[in-house]
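Structures follow.
Below are two complexes that have chain A in common, paired first with chain B and then with chain C.
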Partner chain A sequence: MKFPILSLGRRYPIWAAVLLLYAVTALVSPAMLSPGQILNIVRVTAFLGMVATGQTIVLLTGGIDLSVAGIVTLTNILSTGMMLGANENIAVAVLACVAAATVVGLANGVLVAYFRIAPIIATLAMNSILFGVALVSTGGAPHGAAAPAFNTIAQGDILGFPASGVCWLGVSVAVAIVMKNTIFGRWIYAVGANARAAALMGVPVRIVVVAAYALSALLAMCGGLLVTAYIGNPSLGIGNPFMMTSVVAVVVGGTALSGGVGSVVTTIAGALFITELNSFTNIAQVSTGAQFVIQGVLIAASVVVYRLLGRQSRT
Partner chain B sequence: MKTFEDSSRRQVLKLGAGLVGGLLLGSAAARAEIGSDWVVPATDEMAKAINKPGKLRIGFSNGFSGNTWRTECLEQMKIEAAANADRYQLIVVDGQGDITKQVNDIDDLIAQKVDAILVIANSGTAVVPALRKAERAGIITVPFNLPVDGDHWTAYLGTDPRQKGMILGEKLNDMLGGKGKIVGFDGLPGNSYSAGVWEGAKPKLGPGIEMLALKDADWEEDKAKVIMADLLAAYPQIDGIYSDGAQMAVGALRAMKAAGRAMVPVTGDDYNGLLKFYHAEKANNPNLKMSLVSEPSWEGIVALRAAIKLLSGENTPKRQTIKPTRIDGDNYLKYMKPDLPDGVFVDTTLTDEQLKKLFS
Partner chain C sequence: MKNDVAVHPSVDALALQGIDKSFPSVKALQGVSFSCHPGEVHALLGENGAGKSTLMRIIAGVWQPDAGQIFVRGKLEYIAGPRQAHDLGIAMVHQDTRLVPDLDVARNIWLGREPGHAGLIDVARMQQDARALLDQLGFPVNVERFVRDLSVAERQVVEIARALTAKPAVLILDEPTSALDAAEIERLFAIVRHLKAQGTAIIFISHRLPEVFAIADRITVLKDGEAVGTVDRDAVSHDSLVAMMVGRAVSLTYPQRAAAPGKVRLSVRNMSCGRKFSDISFDVRAGEILGFGGIQGNGQADVPRALFGLDKWAGEVTLDDKVLALGTPAKAIACGLVYVSGDRHGEGLFLPHGIRENISVPHLPRWARFGFIPATAERQAADRAIERFSVKTPHRDQRVGNLSGGNQQKVVLGRWTSEHPSVYFFEEPTRGVDIASKLEIYRQIRTLASEGAGVVVVSSDLMELIGLSDRILVFSQGRIADELSGKDATEERIVGSAVGAGNDGEELAVAAIQQPIAPAQALRSPFLARYGSSLLLTALLIVLVASTAATSDFFLTAPNLSNVAMQVAPLALAALGQFLVILLGGIDLSVGPTISLVTAAISYVAVSEGGLQLAAAVAVALAIGLAVGALNALLVVRLRIPDLIATLSTYSVVFGLALIVRPSPGGLVSDLYVDVVSYEVWGIPMATVVVVLLFALAEFLLLRGRVGQRLYAAGSSPESSYVVGISTWRVQTAAYLFCSLCAAMAGLIITARIGSGDPQAGSAFTLASVTAVVVGGASVFGGRGTAVGTLLGAIAVGIMQNALNLMHVSAYYQYIWTGLLTLVAVAAYSLNNSTHE
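This part shows the complex of A and B:
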């Protein structure tokens, strides 16, 4: 006899973990079962989920993108500074963010693919540059605000479902389909699994890597726009939490840091898991210190679990 | 990057802070000039002055510069220095939130043989040896805003978190009529400022007040909003919000608004965003009240003046307490800056024109 949760756990451990954590949270606080709170978690997960989707693409190539924090901050500063609270400025502000993110992503990719700088260093340096630009351009005193119509993408609903969640899931599923069903997607996996072998097979490795970083920057920008719409104000510290949590969400979702193994769909679950965990610790009177410990233990544990499962499936 | 930014903009006060400036000067500039009674000696101990004629060089080791409070503080110091350019020159170094870099910065200032060093410390422990070295070199040292361990510095001035907490606790208790369920928000995990404020506030909350959850929200509006959304789901009844920074109070209120819950009394500081929010929402939310204690961003001016006095042969108190401003629903219009961004801290000597220029 098979227990469905066990088989789910074996095949998609992160989805089982999401359900399990949800059950535990509901035991501590039955209010978590309310539809309103479920939708609230989806609304808030969208910010991290969007950034983590981009991070997944880069991790699949065997890289890492630590500049997402700087991109979120810069997007926040740039969009609020250009919108100035007026709806007619939304289009130009968003276009400016798209342009900035594209430049940053291409630069990251070129540094990694053509100048052969280790991704962790290249993107960390980029993160520092972006934060510095945000600081210098604002003089430490950011002005402006998001436009009311723009704020509805994070604060509003579409047919009763959080608009931010619709954006995130729509984009994530689209990226997942691209990764699974297109040549470009297969190239990403091939580069991550073995770049040299991929090159020998005719994969344009450098271009694929550049594209991966560009996509990551654009998706981080989307996450930055969502979190900006959620709060409506500029804040120089807004991007900071994303540097680590975006990587954690991807890794907990089962994508290997070494590249080539994983999927965008499990990152959806990974992002949900991290947000649920935060929500749980908010409600369960857990201190911030304990929250860090729990997060660290879960990262380590998830890697061990995936390794064990991987071994099992081979034998 | 962020670790010290917010902990260092935190600061606070003294019981019975007056509204002298606001009353005298009307609404446009609540504090055009710093009143003599806004800074009071904390102890009888005096710092010994030296007499240095001629042009002076004053170093300022700013631990971090990435938030609006620090930006306003630094701007006011620059204006003060420009007005006294014949007496001294101000040299600013930025620790970028890094404990080690700040120690190096101070060492550099000592090597340059400046006459005085002002410090907002990233770590009250780490800068001790550097300040002792400055002391041995005959340099006047004035840490301010955040306390530094020991007493190997010439003079210190800052506000008192515990006293701020006492006021906030008492006021929150009053606004709630001594009973109700509240949630609370602290700044960065483990920072001594939030701990001090809460230490002062806790005993002032009556037995009828139940703290459901006290969470760290890093003095970030978005973080407080996310946490509050969770707390709203978990607790059907929340009657009040304790917070040591008004960004978190307004973030939490925005979550209440989004959830369609009636808004409740809050505490905080002089963050313009909360004043604007209160102004917009109070008509529809009779139970929305606020009691705030400011974080004067003009502290840097006081520190500069203390250093100059000490270099001009005038003894000053070794420890001085800065008095903050109390803002509530009755007087907030005097402080609110409707045309300026939410991020402005309103207890400042900067005029609206200067703030507009700074925030552009």
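This part shows the complex of A and C:
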């Protein structure tokens, strides 16, 4: 209690880490202290944050969704390819993305819940298929562009706040409320903690799992739309980093891979942390390779740290 | 050793003094002393939960005592693990058999001490000895059958045979008769007498008095973790023994029985369910507690599970004279039925969640308004349950994982009292629960009944069954063998009915035991069981080759085939490593980046012409492989991070390193390097030959090597492996090291193929290696698969790639079909497996 940061660190370690990393970054680069920079972090975090929110839902059921990378790429290719830079095409393009993501998410869920394929293999294979579809449909050279009006959702502001951040935080808070206070959310937690017990208590386990993967795909698609609106162009490699970072953000946020433990709110912090880390490594002029190394170490370290913290709180 | 003992019969074969053992929530043993002479059958008697199994696991080295001493042949010993116990001549037959389902009978019997040389197993001798042992036991089971296809009784015999391979001085039989019928029990007793005559000290655990009187020389009674006393069989009467055992009953007062049960609530008519039970009819009245008794596994526990939709069944069920539409747990709950499983942790609780959330799960659909849960109602329900069952907890949001066993069980039961269901089914409601909680639970169950509900209690604790029930149905061989009122019930009568004393019963028993054996034996030859999927894959490959050859003249030419062979080699190598990890039930995602890192590093080393550079390149690759493997092993085995997240983390680190070493493709490797790696004899790439030889060696070792045994055992059942003294962490470490080494060598070949370094060169290999393994028929849950299958899987992927190239299909399609192929292979495997079960 004497040191607020310590007690925050014990109860919500990821929020303490977010603050700490921000302070360190600001020390290295005082420009980070400007409100504009903070808002920019929020704007950019929105892409990952959206995808990670969906990933959280799946991890809470005890699964994993590695196909988010493919979904982001496919959304990018599909939306730019259909918009072709014209505002009147936005609605059709977005609808097509929603349809595609729904199909992919349902397929993932059915493969895991009904065909009993291990989630990692099902979604890894699905990711490969989606990437292949993106390559084949564009012949490796995608063309098209996002519409100007569409770009404002990532580049514009609402009341001085980045629009993408508003979308992301709005969706995250909504999902958080659903997870904590609705029957569906409780079912997700129950299935993740003990699927057999959940089934005996009348929880429709398979349907819950399918819904979780469908939601993950839809949220990954939302992330894909936001990032597309931000860069405005099609890019085949755009989704690749999300496979790792979405899992890292969730795990760093404290959601357990074993399922049933964690929350969407801490994933918000996890996503912020990863983005801060990226901007820090950019400022420090660390290479892409080193960023991957740091991410990898972070994943393993956070699992160990949370285990130690959990042990401490229990005794 | 044994002669030694016979000379000094006064020395105890085994003696325990003052053994204490506690678990987080219970004190399992307190100051227990116990001894057993050579050539003696010493029965250990006690109720469920008295501490018998805990004591035996301590003797067998599975657990270590908190305090107390163990003497073996008069010498103080510390038994640190199963391996030490075995070396001391102590063998144990576990009640829940510890066999490896994916190994055959002979291999299970000799697991951990197979005959043969240092590295290889003498299979012929192993089978011959196993056969001799089983013949000696009077159960000629085919030693080449897989244990997963055996009946429960057969498994028990295999387990006994395994214990005998150690020629033990002390043999522990932990409730060996629970799955046997009367005739089999007699044969088992004959074996026990035979061993006894040879001077073996036998500890016989049971809670069935007649058996104990039939076989034991001395009897020690355990009660609530303490030894009540040791007596000679001839000096003790049945009644006095019962008094010792159930002395507890004096302090344990059961609630008053129902004066007069009300009208019939639940009525079940002619209910049948496959082999589990048939023709079950019974009524449950309001206010009545109906007990289901019998030896475990005779159908009594399956009836409520079937009603809850966990099994398909036929028959008619009415509640308050209305026919019920059942079929899923949700429907049963909606009808007003409640089922509380006896497997508290596995099927009852959400351990990481709070009491409140645990209690509300089944009620949510009724509580919810537009999908939202009313917080006040939920809190009140939780508080009611906590108060009613006097759950000891600081807070309603306390994690149930932190509660004691008794309090956990109260939460499980309290969950259902917030509503008013019509009929309750409780399975083993007081298993692993302390006395005070037991009393509380009995009182609550009786209260539920007196409030007008019908209650069914399935229990293997006879005293509990008799004390609690108004009426008892005894199950035997899936039928109701007897019905008696709680007042008149005795342990003897229940046991007598349960083992089916009449001739009819015995015939039934024999029929039931022989039934599952016949079709299984007829269906599966050991060769087909192992290579069935490989044969199927070979057939598919032939079709693939033939159809490709028909469309492309170039396909079957020597240059193309040599090209395919060179293409398959790195994939096959990576897949072989991945296969071993998957065989252990894990996965290694870092295969792809490891390959990339090797190509990136080699592109700096193998640049100038000269043999030294060549050797350096190989050394660098192997060093990278070892380092990555060691990192994976460290994370998975030492830090116990789940394999998926651990290798994902390694994936990121290694990929990052590859990017640091070589941010973009480049660096020309020397011609010498390329020439050496792609060296061909008569158009056959030598690298491919080496890889194929490696596979042949792997398959041979999997079949005949000790290492193969350990891999299958650890992958199929880590716990069984531990019990026979296999160190699973060593096996795991070795597998991760091997996997990364394979990936590193695959990287060497790929560098020669592309002639330069590329940080993305391996990116497709993570999935492709998994694809090859699963297409080759290995189970992703571990324990099943062959090296041959994996090689065929890799060849299939390689040929497909080549065929599509020849048909001028865009290389981009590769991503799509690898993904689809993986999904189809895994789905086919999982569906095929679920139909077998």
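Note that the second predicted complex is superposed on the first by the 313 of 315 C-alpha atoms of A that agree within 3 Å, B and C clash if a C-alpha of one lies under 4 Å from a C-alpha of the other, contacts with A are read in each partner's own complex, and residues count from 1 in each chain.
Assume a contact is a pair of C-beta atoms (placed from the backbone, for glycine too) under 8 Å apart; a residue touches a chain by one contact, two chains touch by 3 or more.
Since the structure is predicted, the reported quantities are computational estimates derived from the model, not experimental observations.
K.L.:
Putting chain B and chain C on the same copy of chain A, do they fit or clash?
P.N.:
Overlaying the two structures gives a clash between chain B and chain C.
K.L.:
Regarding the shared-chain residue A:258, is it in contact with chain B (first), chain C (second), both, or neither?
P.N.:
Only chain C is touched by A:258; chain B is not.
K.L.:
Does chain B (first) or chain C (second) touch A:39, or do both, or does neither?
P.N.:
Neither chain B nor chain C is touched by A:39.
K.L.:
Quick check for you: in the superposed arrangement, does A:289 touch first (chain B), second (chain C), both or neither?
P.N.:
A:289: touches chain B and chain C.
K.L.:
Looking at the overlay, what does A:279 touch: chain B (first), chain C (second), both, or neither?
P.N.:
A:279: touches chain B, not chain C.
K.L.:
Does the superposition put A:247 against chain B (first), chain C (second), both, or neither?
P.N.:
second
K.L.:
Decide which partner touches more residues of chain A, taking chain B and chain C as the two options.
P.N.:
The partner making contact with more of chain A's residues is C.
K.L.:
Considering only touches as defined above, state whether A:235 meets chain B (first), chain C (second), both or neither.
P.N.:
first
K.L.:
Going by the contact rule set out at the top, does A:142 touch chain B (first), chain C (second), both, or neither?
P.N.:
After superposing on A, A:142 lies in contact with chain B but is clear of chain C.
K.L.:
Once the structures are superposed on A, label A:193 by its partner contacts, choosing first (chain B), second (chain C), both or neither.
P.N.:
Once the two structures are laid over each other on A, A:193 reaches chain C alone.
K.L.:
Quick check for you: in the superposed arrangement, does A:26 touch first (chain B), second (chain C), both or neither?
P.N.:
A:26: touches no partner chain.
K.L.:
When you line up both complexes on chain A, which piece of chain B, out of 109-117, 199-207 or 253-261, runs into chain C?
P.N.:
Clashes occur only in 109-117.
K.L.:
Touching chain B in one complex and chain C in the other: list those residues of chain A.
P.N.:
Residues 131, 135, 139-140, 287-289 of chain A touch both chain B and chain C.
K.L.:
Which chain A residues qualify as touching chain B in the complex?
P.N.:
Residues in contact with chain B: 29, 31-32, 34, 36-37, 40, 43-44, 131, 135, 139-145, 155, 227, 230-231, 233-238, 240-241, 278-279, 282-283, 285, 287-289.
K.L.:
Would you tell me which residues of chain C are touching chain A in their complex?
P.N.:
Against chain A, the touching part of chain C is residues 308, 310, 328-330, 332-334, 339, 341, 346-353, 357, 360-362, 364-365, 368, 371-373, 375, 402, 587, 635, 639, 641-642, 644-646, 648-661, 663, 759, 766-767, 770-771, 774, 780-781, 810, 812-820, 822-823, 826-827, 830-831, 834.
K.L.:
Which residues, counting only chain A, touch chain C once they are in their complex?
P.N.:
64, 111, 115-118, 120-122, 124-129, 131-133, 135-136, 139-140, 181-184, 186-187, 189-190, 193-194, 196-204, 244, 247-248, 251, 256-258, 260-261, 287-300, 303-304, 314
K.L.:
Mind pulling up the chain B residues that touch chain A in the complex?
P.N.:
Contacts found on chain B: 1-2, 5-6, 65-68, 70-72, 74, 189-190, 213, 215-216, 218, 220-223, 225-227, 229-231, 233-236, 251, 254, 258-259, 273, 341-344, 358-360.
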